[in-house]
Amino acid sequence: MPAVDTGSTAWMLVSTALVLFMTPGLALFYAGMVRSRNVLSSTMHSLFAMGLVSVIWAAIGYTLAFGGDHGGVIGGLSHLGLDGVVGAVTGTGPSAIPTSVFAMYQGMFAIITVGLISGAVAERMKFKAFVAFAALWSLLVYSPLAHWVWGGGWLQKLGALDFAGGTVVHIASAAAALAAALMLGKRKGYGTEELRPHNVPMSVLGAGILWFGWFGFNAGSALGSGQLAGSAFLATNLSAAAGMLAWTAAEVLTGRKPTVLGAASGAVAGLVGITPAAGFVGPMPALAIGAITGCLCYFGLRLKSRFGFDDALDVVGVHGVGGATGAILTGVFASVTVNSAGANGLLFGGGLALLGKQLVGVGATIAFSLIASAIILKCIDLTIGLRVDEESEATGLDVAEHAETGYEF
Amino acid sequence: MPAVDTGSTAWMLVSTALVLFMTPGLALFYAGMVRSRNVLSSTMHSLFAMGLVSVIWAAIGYTLAFGGDHGGVIGGLSHLGLDGVVGAVTGTGPSAIPTSVFAMYQGMFAIITVGLISGAVAERMKFKAFVAFAALWSLLVYSPLAHWVWGGGWLQKLGALDFAGGTVVHIASAAAALAAALMLGKRKGYGTEELRPHNVPMSVLGAGILWFGWFGFNAGSALGSGQLAGSAFLATNLSAAAGMLAWTAAEVLTGRKPTVLGAASGAVAGLVGITPAAGFVGPMPALAIGAITGCLCYFGLRLKSRFGFDDALDVVGVHGVGGATGAILTGVFASVTVNSAGANGLLFGGGLALLGKQLVGVGATIAFSLIASAIILKCIDLTIGLRVDEESEATGLDVAEHAETGYEF
Amino acid sequence: MPAVDTGSTAWMLVSTALVLFMTPGLALFYAGMVRSRNVLSSTMHSLFAMGLVSVIWAAIGYTLAFGGDHGGVIGGLSHLGLDGVVGAVTGTGPSAIPTSVFAMYQGMFAIITVGLISGAVAERMKFKAFVAFAALWSLLVYSPLAHWVWGGGWLQKLGALDFAGGTVVHIASAAAALAAALMLGKRKGYGTEELRPHNVPMSVLGAGILWFGWFGFNAGSALGSGQLAGSAFLATNLSAAAGMLAWTAAEVLTGRKPTVLGAASGAVAGLVGITPAAGFVGPMPALAIGAITGCLCYFGLRLKSRFGFDDALDVVGVHGVGGATGAILTGVFASVTVNSAGANGLLFGGGLALLGKQLVGVGATIAFSLIASAIILKCIDLTIGLRVDEESEATGLDVAEHAETGYEF
Amino acid sequence: MKKIEAVIKPHKLDEVKEALQALGISGMTVYEVKGFGRQKGHTEVYRGNEYTVDFVPKTKIEIVVDDDLAPKVEQAIVDAARTDRIGDGKVFTFDCEGAVRIRTGERGSEAL
Amino acid sequence: MKKIEAVIKPHKLDEVKEALQALGISGMTVYEVKGFGRQKGHTEVYRGNEYTVDFVPKTKIEIVVDDDLAPKVEQAIVDAARTDRIGDGKVFTFDCEGAVRIRTGERGSEAL
Amino acid sequence: MKKIEAVIKPHKLDEVKEALQALGISGMTVYEVKGFGRQKGHTEVYRGNEYTVDFVPKTKIEIVVDDDLAPKVEQAIVDAARTDRIGDGKVFTFDCEGAVRIRTGERGSEAL
């Protein structure tokens, strides 16, 4: 067994920890935006994903994604129960890291992707139904997608680029969120009552943790320490920053006040946008990606009320719009001078080739996740039922579903 | 002086920072569970340990634990005031790290162990008494125990395994907590009034930080970057996850709703359980350890009201039960294929040998910490007094002991 | 292009992330201390700096600080838009890291320095004015100062030591804060009403994050992984600890109760004090620096009400007093046995030479930042106006400036 | 003048407010309270320990009106706040002897 | 009917509630208030600055009862809330002219 | 006895308290409320969605005093709380039939 590189291993250990930490960050980000009587219910979605998806991933999800390949569609069962993972090595030379670290790192992505979806179902989904959905979705949708893009599957073979999960994580979760929002129906009072955030500082703290953790998410996707991790890190920070400025500027230019939740949301949009591109683009393109994503997400959300569904915490508007924008812009701004394993985008002499592949990736991910999610949700609706009863919704899900109260000052 | 390995040093620097960060996490975890009028008092216990124990450790604690050996019982005084630490090297080859990092890493364990105890004394202990206790306990109980297990002391020589502090940190703090709960007496209103958490999201955030930091705690205990750190990291995450699922499942199977504080507590239980085992067991045993610990802690806490003492925030129920379970299960699940420096447990052909040593470790730690803590507490009771007066307890310790109010919305 | 060291790169990636994370920590630390109707306004200052300063730094700030040298006063424009940064290497041997990481690491310092200033202007500054100030200050004050001390400028050539930003970050921000507090005037009710913290646990969490992140700030300033990072880490932790104990002791000895916000403030004071010295002093001097800084800051703040200005969250009292104390004490406690690239201070045979240089550094920084800040502020006052109207101040800046409410329990 | 105090279910506040505005009521004062009554509380669980929480969150509304409007206000609240489920709350009426508008010093009905 | 308003020490709420239940009272409304009175506030310290906080946390209880029950309720509260320390609070009695149960429309004593 | 209830702007509490202390008032009870009235609320924006918040934060004060002090208390509040801007609030007066000091059992004026 070859030796691992201690430096790359150190960075990947840290990156894994950082991505795990994003999930409590996400819990705060989301939970601050619901009403106080649902604060725990929202928190629980992300929190429970940390337990549930970790176990599913170890048992079978990992091997479905990374255990060999069957026709470009799905992995094999060679690493069932993480068999053969401890002691093995992934990568070579300065990027040789323990396979145990690689497996856990990838598992953290599976966790947060499920957590992201929960924003759409906030304040009305039965917890039991959410658990069933999370388990099934993680196995039936996430693992195949991860295989397609990173595990040697057809999108990877095609040459579609997704550095850190623009499609697998963000677009996939947004498509699932859309299906869920449509099937669950609107929250009582949506459109008539004020469904305002109960704790904006909590959401800002969550956004801060997300930004921090996203360095592990994106720069960790270099799967080692070195120049590539460095440039991905830089691109990530600049896109987040530009996303924030763009959102705030858009607010002010459309005659509104610069909001704090807006600034935080713009940063998250910028982070989502740069995710597929982080390891393929230089600093100025990263600024452009952040700025464009921030703007598009802002204007997307302003249209929200025109749509007939209640995507409570804007998973579609931020992760869907942002993820798709980023994936497409990767086809514009990618450059092999940044990453020789990548490709050149439209602006760097690559013509439309990469852009086309990116569009295939986006389209395939949306289609697969949307349909599969809808089927899973329908099955749950017919058995467990998706939505809490009216009384529980009025009382709040914290008491009704979890027998707890968030605050008792 | 040989060169240090930059990768292992990087990981140990990070691990040290992560373990430090666990203490504010613990402060939140605990403080969310007390009533709002004691939120600062609870916070202060952990916070102040960061200052107090850091200084004591640098002055004398470190050398008592790691400065040579006197009869397997205690270290020497060669590193008084961290003398000779800066510039020295600990470990060899890819695990060579600066001794300054090793010394600080170990110091972070000393801090959080004192913080853990504070859960038992919440809402009624005099701050002055807590400070005296923390100082004395850290010197007279923690340092010797760390010496026994990691500093070349008798338990280490015996071959008892404790990867990251199942005995030294968790069992020792729980035994001290038991002594303190017994000697302080119950909180006013215990058993009659509702002593409910005032801020569950705060506790969940604390648990999230703990989980994040625990990677430094457990995977950092490899004392370097590489395969062992990787497998310890993996085991840690899986046990936390399994602990959460087990606790929640136990709640549901006993006819209750799945609670958020329960899920968080189950994760913490799983983290405690895997602590002694993290570097000795593979992923599936880690799942088993987490699940067993999560269950036992849940059922342990349900019995709580039958006991005559008020362990306010369940230090005994989580860290005592969990730490002992983990230490014993290390004797069952340890395998030299994971760590050649370890031993084989019952299930991997090691027979009862290791199990016996683990029981000796558990028993010795409980006995020593319980007795020594009781003596220290008695001395403080006779001089400073342990408990605030009734008026202060009713008003809340924040105002009475610290002249502050937690919230003013 | 030479290869980078994966271990040092790993540590610098982490350090960069940690310093970024300090800014949300600072936001919490500050925002917990204002009244609840200004919680978001205070948060926004730090949050928005993450976006604004990141972009300015990438566009032009970095090259002004680190792009060559013009007469010791300012850098050149060779790295405009971070040109030439991706793929380049900074440092050599075990300290060779990607220049992209170096550039981003330094950028994080620029962000938090602007965030620090915001404490002085809390609860009354127009957001638009703050944005203008942040942008101009970062370019016109921060970048030149960074050049002087770290970019090959005159203070560096002189031999003044500032390991991690005692002058550039802390003294510079405090001088700007003083100018701002003087020009903005006092908050309505200052001196007559109770301007109490609305959420002390939030401030304590912020302080915990600051302490955690400060390891990246100080130990990261070694610009690589190894012995120097280890000793800077150790010194940082010990000084924070001693600062906390000193502040608390001072409270008790002056007849007050030991407060939680005091303990947290003492730790921050200790962290500020050690910042210039971290890589030049051993553990016992670090304890001394922390203890002295903690005391001086406490007594400084007690005098606060005697001064005619309202430095709302004590930027001058903590970062000014603390930064100056630390910079001067570096001239006392520095030792080449800790860092051969440093110098010996007064106590280690260096005589008054270093001390004199340190005083020059402190004096020059105060003078430059104070004057330049005052000019910038005056320009803004004459155009945008610095202060919100009375009605907005009474209503709170969250609603008036950001159209949001912090909490809705 | 009369003072009407109503204890209602929190999610009914918007509807009650609109009903009162429809009556031409131009002012009211509202706060959160905890109610104890026939509507039973709920059980909460913390780490294995069950607590019965007797108090239910309610919203209280106070409106001072002229005598003749009082019965209409009372009725409007009853109609708007009703869900026919236990715990809908109560409306109480009290006599109010005087009212002053701070801004103008107007008194009595003028002050409302 | 009478309305009894009591301001008590927060930690006495449970005992008062039980005393009232013993009297057969089936409903009450409770909220947190800040009291100013003979009981002095306390000193708080923030970063070296001392503040005197004049207001003390209190709990307020409101119960509407039939006229004949009023004195008993008053007495029950006084007995249950007493600690003999300054700041124990007050019980005030007011006349209540009308009551309606929202759920049923019942009026007067029936509504309680 | 009379009970004076005042709804005022929150930042006026300190001044009102001082004015009342100057009158020799030794006790009062205070809590936060949300007011609806002529003073318009404000607009809030969350992720591109605008909400009109109708309720404005106000502070409510209750003081029970002897009949003869009531007009003076009323006036003192009006004077101290006035900013001449819309939303300054109201002062209402009610009759109070009885008062007991819990600690001593004193009744009526003695209890205040």
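Observations
So that you can tell them apart, the chains are marked A, B, C, D, E and F in the order they are listed, and the count of residues begins at 1 in each.
As a convention for this text, a residue touches a chain if its C-beta (ideal position, glycine included) is under 8 Å from a C-beta of that chain, and two chains touch if they have at least 3 such contacts.
Please read these numbers as outputs of a predicted model, since none were measured by experiment.
The minimal number of chain-to-chain contact steps leading from chain A to chain F is 1. Taking shared numbers over all numbers used, the chain D to chain F interface scores under half, which places it in the different class. Two chain pairs, C-F and B-D, are compared here, and B-D has more C-beta pairs in contact (counted per touch definition above).
Averaged Cα coordinates give chain A a centre that lies 33 Å from the centre of chain C. Between chain A and chain D, the centres computed from C-alpha atoms are 44 Å apart.
With each centre defined as the average position of its C-alpha atoms, the distance from chain C to chain D rounds to 51 Å.
Separating the centre of chain E from that of chain F, both taken as means of CA atoms, is a distance of 18 Å. Contact of a single residue of chain A with at least two other chains is seen at positions 5-8, 10-11, 14, 196-197, 199, 225, 256-257, 259, 261, 403-405, 407, 409. Of all residues in chain E, those that touch two or more other chains are 31, 44-46, 53, 85, 94-95. Two chains count as a pair here when they touch; such pairs are A-B, A-C, A-D, A-F, B-C, B-D, B-E, C-E, C-F, D-E, D-F, E-F.
Within the complex formed with chain E, the residues of chain C that make contact are 33, 194, 196-197, 251, 256-257, 259, 261-262, 265, 298, 301-302, 304-305, 314, 317. On chain E, the positions that touch chain C within their shared complex are 44-51, 53. Across the complex, chain B meets chain A through its residues 5-8, 10-11, 14, 18, 35-36, 94, 196-201, 204-205, 207-209, 211-212, 215-216, 219, 224-227, 229-231, 233-234, 237-238, 240-245, 248, 256-261, 263-264, 266-267, 282-284, 287, 337-338, 407, 409.
Put simply, chain E touches chain B in their complex at residues 9, 11, 14, 42-46, 53, 85.
By the touch criterion given at the top, residues 3-11, 13-14, 16-17, 20-21, 23-25, 27-28, 31, 39-40, 43-44, 47-48, 50-52, 54-55, 58, 81-82, 85-87, 97-101, 103-104, 107, 127, 199, 202, 225, 398, 401-409 of chain C touch chain A in their complex.
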